[in-house]
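Chain nomenclature is as follows: A, B, C, D and E, assigned in order of appearance, with residue numbering initiated at 1 for each chain independently.
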Amino acid sequence: MDLGTILGVVVGLGLVLFGIIAAGVPLMVYVDIPSVLIVLGGSFGAMMVGNPLSRMLGIMGIFSHVLNVPNRQEGKIINDLIAFSERARREGLLALEDNLDEVEDEFMRKGLQLVVDGIDPEIIKAVLYTELNEMQARHATGAKLFDDWSKIAPAFGMIGTLIGLIAMLKNLSAGDSSAIGQGMATALITTLYGSLFANLFLIPIKNKLEDRDREESMVREIMIEGILSIQAGDNPRVLLEKLLSFLPPAEREAVRQEAGRE
Amino acid sequence: MDLGTILGVVVGLGLVLFGIIAAGVPLMVYVDIPSVLIVLGGSFGAMMVGNPLSRMLGIMGIFSHVLNVPNRQEGKIINDLIAFSERARREGLLALEDNLDEVEDEFMRKGLQLVVDGIDPEIIKAVLYTELNEMQARHATGAKLFDDWSKIAPAFGMIGTLIGLIAMLKNLSAGDSSAIGQGMATALITTLYGSLFANLFLIPIKNKLEDRDREESMVREIMIEGILSIQAGDNPRVLLEKLLSFLPPAEREAVRQEAGRE
Amino acid sequence: MDLGTILGVVVGLGLVLFGIIAAGVPLMVYVDIPSVLIVLGGSFGAMMVGNPLSRMLGIMGIFSHVLNVPNRQEGKIINDLIAFSERARREGLLALEDNLDEVEDEFMRKGLQLVVDGIDPEIIKAVLYTELNEMQARHATGAKLFDDWSKIAPAFGMIGTLIGLIAMLKNLSAGDSSAIGQGMATALITTLYGSLFANLFLIPIKNKLEDRDREESMVREIMIEGILSIQAGDNPRVLLEKLLSFLPPAEREAVRQEAGRE
Amino acid sequence: MDLGTILGVVVGLGLVLFGIIAAGVPLMVYVDIPSVLIVLGGSFGAMMVGNPLSRMLGIMGIFSHVLNVPNRQEGKIINDLIAFSERARREGLLALEDNLDEVEDEFMRKGLQLVVDGIDPEIIKAVLYTELNEMQARHATGAKLFDDWSKIAPAFGMIGTLIGLIAMLKNLSAGDSSAIGQGMATALITTLYGSLFANLFLIPIKNKLEDRDREESMVREIMIEGILSIQAGDNPRVLLEKLLSFLPPAEREAVRQEAGRE
Amino acid sequence: MDLGTILGVVVGLGLVLFGIIAAGVPLMVYVDIPSVLIVLGGSFGAMMVGNPLSRMLGIMGIFSHVLNVPNRQEGKIINDLIAFSERARREGLLALEDNLDEVEDEFMRKGLQLVVDGIDPEIIKAVLYTELNEMQARHATGAKLFDDWSKIAPAFGMIGTLIGLIAMLKNLSAGDSSAIGQGMATALITTLYGSLFANLFLIPIKNKLEDRDREESMVREIMIEGILSIQAGDNPRVLLEKLLSFLPPAEREAVRQEAGRE
C-alpha cells in the first residue's frame, strides 16, 4: 500500500475541509449530489466518447496499480545480471539455462532465453526494445487517460456553474438577494468539485503513472544492457560499472559491495 | 457501431440534462437557436477559413470512421505473417505469390508483392515507411481538425456571450433587474454551448482519432517488420517472438498457441 | 481564388452579425473606431517590435498567397519524374538536358541539372534538403507571425477593456446605472474585436499556412526521391511504386494509369 | 538603430494612449507609481530568484543587442568562401593563411585556421558545431529570460489587482459607490500594466531574440558548410550551389552574379 | 550562499508589501492562517499523492542546493584535462594513475580510471553518457516537482476562494454589504497566496534548477570530450581548441593563457 498517496489525499482533503469549517458555514452547504453527478458523471461520459470501453473499465486496475508501492530492486537485478555474466564467462552461454527458472521478471527471462537460444544480437536488441517501447506506449495511454480527464473535469465543473448561473439569472425577477446568493453558491459548487477532483486526484495520479513508467523503463534498460553484454561476453567488472551508471551515486556503493560478496 | 462512443454521449449529455432539471428551471430556457448558430456555425466558418473545402466536406466521413469499431486483429496478422514466413523458407519467396490474393489488407499485400518481385530490401523498407508516414500525416490532419475546432468553438461561445452582454449593458437604462438577468442568462448560453460542444464531442473525437492512428500504425509496423523478416529469411520462430513483442503480455499466449496449431 | 476561405469568412462573420441582430440592439452599437485602433493597431505595433520591418511589410504578400488556391499536381510531377527516369535508362543521364527547359518547377529543374552535371549524389542530396529545410524555415516564420499575432490581438482586446473599465469606474460617482452600462459595454467591445480577429482571421490563416507548407514539402520530397532515384538508375516501375506511397491510396490508381499510358 | 522596434513601440503605445484619451478620462488616472513598482519591480524580483545575478545585470546588454540592426551579409560571406575555395584549389590549403587576417568574423577565421593547420575534418566539424550549439544555448537562455518574465509580469499584475481588491472590499462598509469605483479602478491598473509590459515589450523582444538566433545560426551553418567543403577540395561552382540553397530564391541571383564577377 | 536568490525574494516580497501599504489598509488584513493552510498544505497534499514520500522529504535538500552558489570552474577543468592529455602523450595512459587521487570530481575520476584500466572507448563512452543521462533525468524529476507544484498551488488558491465565495453567498440573506465585502476579501486571499507562492518561489526555483542542470551537464560534456580525446591520444593543442568551444568567446582567452602557462 502506498502510504504517501493515502496520506496526501488525507492531508489535501483534510486541509480543504478545515478551510470550509474555518469559513464558518455548515459542511453540508458544500455537499450537492447533482453537482457530483454533473462533474464526475458528465466528464466520465466525455471520457467514454473518446476512449474504448475496455480502457474505461480498466481504470480501476490502474488505480490499484498506483496504490501498490512498487518493489524497486535495481540492486538485486544488477547483482543477478553480474552473476549470470560471471557464469557465462566460466561455463558458456548455454549454462545460463539452468538458472533461467529462478528469474522472476518475465522480460529478463525472455531476453536471457533468447541469448541461450543463440539468437542474433541485433534481433534480441530489436525484440527487447520493441517490447520496451510498446510498454511505454501502453503506460502513456494510461497517463493520457488521467491527463485528459484532468482537463475535462474542470470543464464540466464550469458547464455545471453555467447551468446554475443561467437558472439563477432567469429567476432574477423573483428578486430577493438571498435567493440570488443561494443560486450562485450552488452554481459555484460544480466548479469547486471539478477543480478539487482534477488537482487532488487526477493530476497527481497522472504524475504517479508517469513516474512509474520512468522507473520501470530504467529497470528494463538495465536488463537490456546487461543481457546484451552477457551475450557479447563483456568483462563482469566492466559490466558492473556500466550498470551502476544507471543508479544515483549514493546507491552505488551498496550494490557494488553486494556484487563483490558473491 | 462503437457502443462506447454512443453510450458516452448519452451518459454525458444525460447528466448535464439532469443537472439542468435539478436546477429547477424549464429545459427550454437552455435552448436558443441563435446561440447554436453563433457557436456551431461561426466556429464552422472559422474552420472553413483555415481548411480546404474538401477537408471540411470530409468531416462526416471522419465521424462515421469514429463510430465504427475497428476490427483489430493483430493476432490474425501475426499468424498470417508466420505462415508466409514458413512457406517462404520451405518453397522460396516466389511461392508466396499464390496466396497473395487471400491477403485482405492492401498495405500488406503490396509489401509482399514487392518481396515476390525481388525488389531490394532497402527500397521496400523506404516504400512501406513512406506509406506509413504519409498515413500518419493524413490522420494527424484529421485529428488537428477536431483539435482546432475544440479551441475555436469555446472562443465563439465567448464571442456570443460578449455580444449578448454588450446588448444587455446598452439597455441597462431600462433598468429592471429582471431584464438584466434575462439578458445575462441568454448571453451565457453561447459559452455553455461552446464548452459542451468542445468537451463532449470535439475533444473526445480528437482523442479517438489519435487512438485509432496509434493502433493502425502499430499494425502496420508489425506488417513491415514481418515482411522484411520474411524477405531476409529469418527463422519463423524468432519472427514470432519479434512480432509478439508488439502485443501486451496478456495477449501473447493466445496468439502463440494459434501460431503453433497451424 | 480560394473560395473556401472567402466562404468561411462570410459564414463566420455572417452568423456573428446574425447573433448581433438577434440580440435586438442596433448594429452600430458594436462599431467603435477607437476600439478597432487599439486592438488592430496596438497589436500591429507590438508585432512591429518583435519582427523586422521587411517581414511586416510582407504580410500582404502572405495574405494573397493564402487566397490563391495552390495548383496541386503531385500526379503530373510523378509522371514527369517517371518519364525522366525511363529516358535516363534508355539514353543516359545526359539526355535529360534536352527536356530540362520544359520543367516548370525551379526546384526540380535545379535538381535535375545537378544530375546532368554529374555532381556527386551525396552533394545533390545535401543541396536539395538544405533548400527544403530553408523553405520550411521561411514558411514557419510566416506561420509564427500569425500565431504570435493571434495571441497578442486578444491581449490588446483585454488591454482596451481594462482601459475602458478603469475610466468607467473612475466616473462611478456620477452614479446612474445607465452610464455604467454604457461604459462597460464600450469597454467589452475591444475584447470582442480581439477575439473575433484572432479566431476568424489570424488562427485560421496560420492553420492554412501550415497546411500549405506540409503540401509543398511533400511535393518537394517526392521530387528529391525521384531525382536521386533517377541518378541511381532505379527501375522506373519501382520508382513509381515509391512515389505513389506519398499519395493517399484513393489517388494512386489514376496516377498509375496515367503513367502507364505514356 | 532598429527603426521597426522603435516605431512599433511608438505605434503600439500611441494607440493605447489614444484609446485612453478616447475613453474620456484624464491621462493621469492611468498613472500610478505604486502599481509600476509592484508589476515591474515585483516581477523583476521574481526573475532575480530564478536567474543568476550576472544574467540579470546583462539584460541591458541584450536590450541594446535587440535595438541594433544586425548587418546581415550572407551574400558577402558566400562570396568570401567561394574566393577561399578557388584559391585553395589553385594554390593549396596553406595559401589561405595569407588572407586569414582579412576575415572579420571570428568564427569563420577560427574554422579556416583549423583547416590551414591541417586538423582532421571530423575534429573541425566537432569544434565548429560545439561552438554553434553553445551559442544557440546562450541565445536560448536570453530568450527564455524574456519569455519567463512575460509570464511573471502579468501574474504580478494580477497579484497587485488582488491586493487592491481586498483592500477595497475590506473598506466596503464605508459604503459609497464612488469609493468602490475608485478602489477597483486602482486595483485594475496593475493588471493593465502587467499585460501592456508583457505584450508590448517582453514578448516581442523574446520573438526578436529568437529571430536573431535563427539568422546567426544560419550564417554559421553556411560558414561550416563552406569551410568543410574547402578542406575537402570541393568544386567552387558546386560549393556555390550548395551555399545558395540556404538563401531565399529571390536573393540568389544577386549573389551568383557577384560571385561570377570575381 | 546565493545572494541573487535572497535579494530577489526580498525585492519581490518587499515591493508587494509596499503595494499593500500603499493600498492603505492594515497589513494584518492580508494575513490569514487558514488560507495559508489551504494553499500551502492543500497543494502539498496533492503533491504527496503524485510523488513518492522520499522525494517529498528531499525537497529541503533541493532548496539548500538552490541556495548554494555552485562553484563553476570550467576553466580549471579544461586546464586539468589538458595537463592529463600532455602527460598521457609523454608518459603513456598508465602514468595518469599517479594523479587520479588529485581529481576532485567523482565523475571525471571515474572516467579517467576507466581509461587507465584500458577499457574499450565505446564502453567508456556508454558508461559516461548513461551516467550523464541519468543525472539529467534526476534533475528533471526535481524541476518537475516544482513545476507541478507551481500549477497546483494557484489551483488550491482558487479552490480556497470558491470555498469562501460559496460561504459568503450562502450568508447573503444576512444582507449588509459590509459583511459581503469582508467575505469576498477573505475569499480572495487564498488566490493571492497561491499566485504569490507560485510566481515568487516555485516557478523561479524551477528555473534555477533547470539552469543548474544545464551548467552541470555542460561541465560533464567537457569532461567526456576530454577523457575520450585523452584516450584517443589527440593533440593537446587541438583538444584545448575543442574544449574552449564550449565556453562563451569572452571567457576563452583567460583559459587559453592559463593553459599556456603550465
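Remarks
The criterion applied here is as follows: a contact is a pair of C-beta atoms (placed from the backbone, for glycine too) under 8 Å apart; a residue touches a chain by one contact, two chains touch by 3 or more.
Here is each chain with its UniProt name: A, B, C, D, E = Motility protein A.
Quick caveat, the model's predicted, so the values are computed rather than measured.
Counting steps between touching chains, the shortest path from subunit B (Motility protein A) to subunit D (Motility protein A) takes 2. Bringing subunit B (Motility protein A) onto subunit E (Motility protein A) by least-squares fit of CA atoms involves turning it by 145°, to the nearest 5. Here the spacing of subunit A (Motility protein A) and subunit C (Motility protein A), counted between their Cα centres, is 40 Å. Mean C-alpha positions place subunit B (Motility protein A) and subunit C (Motility protein A) at a centre distance of 25 Å. The residues of subunit D (Motility protein A) never reach two or more other chains; the list is empty. Read round the ring from subunit A (Motility protein A), going to subunit B (Motility protein A) first, the chain order is A, B, C, D, E. Remark: subunit D (Motility protein A) residues 3-5, 7-16, 18-20, 22-25, 29-30, 177-178, 180-182, 184-185, 188-189, 191-192, 195-196, 198-201, 203-208, 211, 214, 218, 225, 234, 238, 241-242, 245-249 touch subunit C (Motility protein A) in the complex. Contact residues on subunit D (Motility protein A) toward subunit E (Motility protein A) in their complex (touch as defined above): 34-35, 37-38, 41-53, 56, 106, 110, 114, 119, 123, 126-128, 130-131, 134, 137-138, 141, 144, 148, 151-152, 155-156, 158-160, 162-173, 175, 190.
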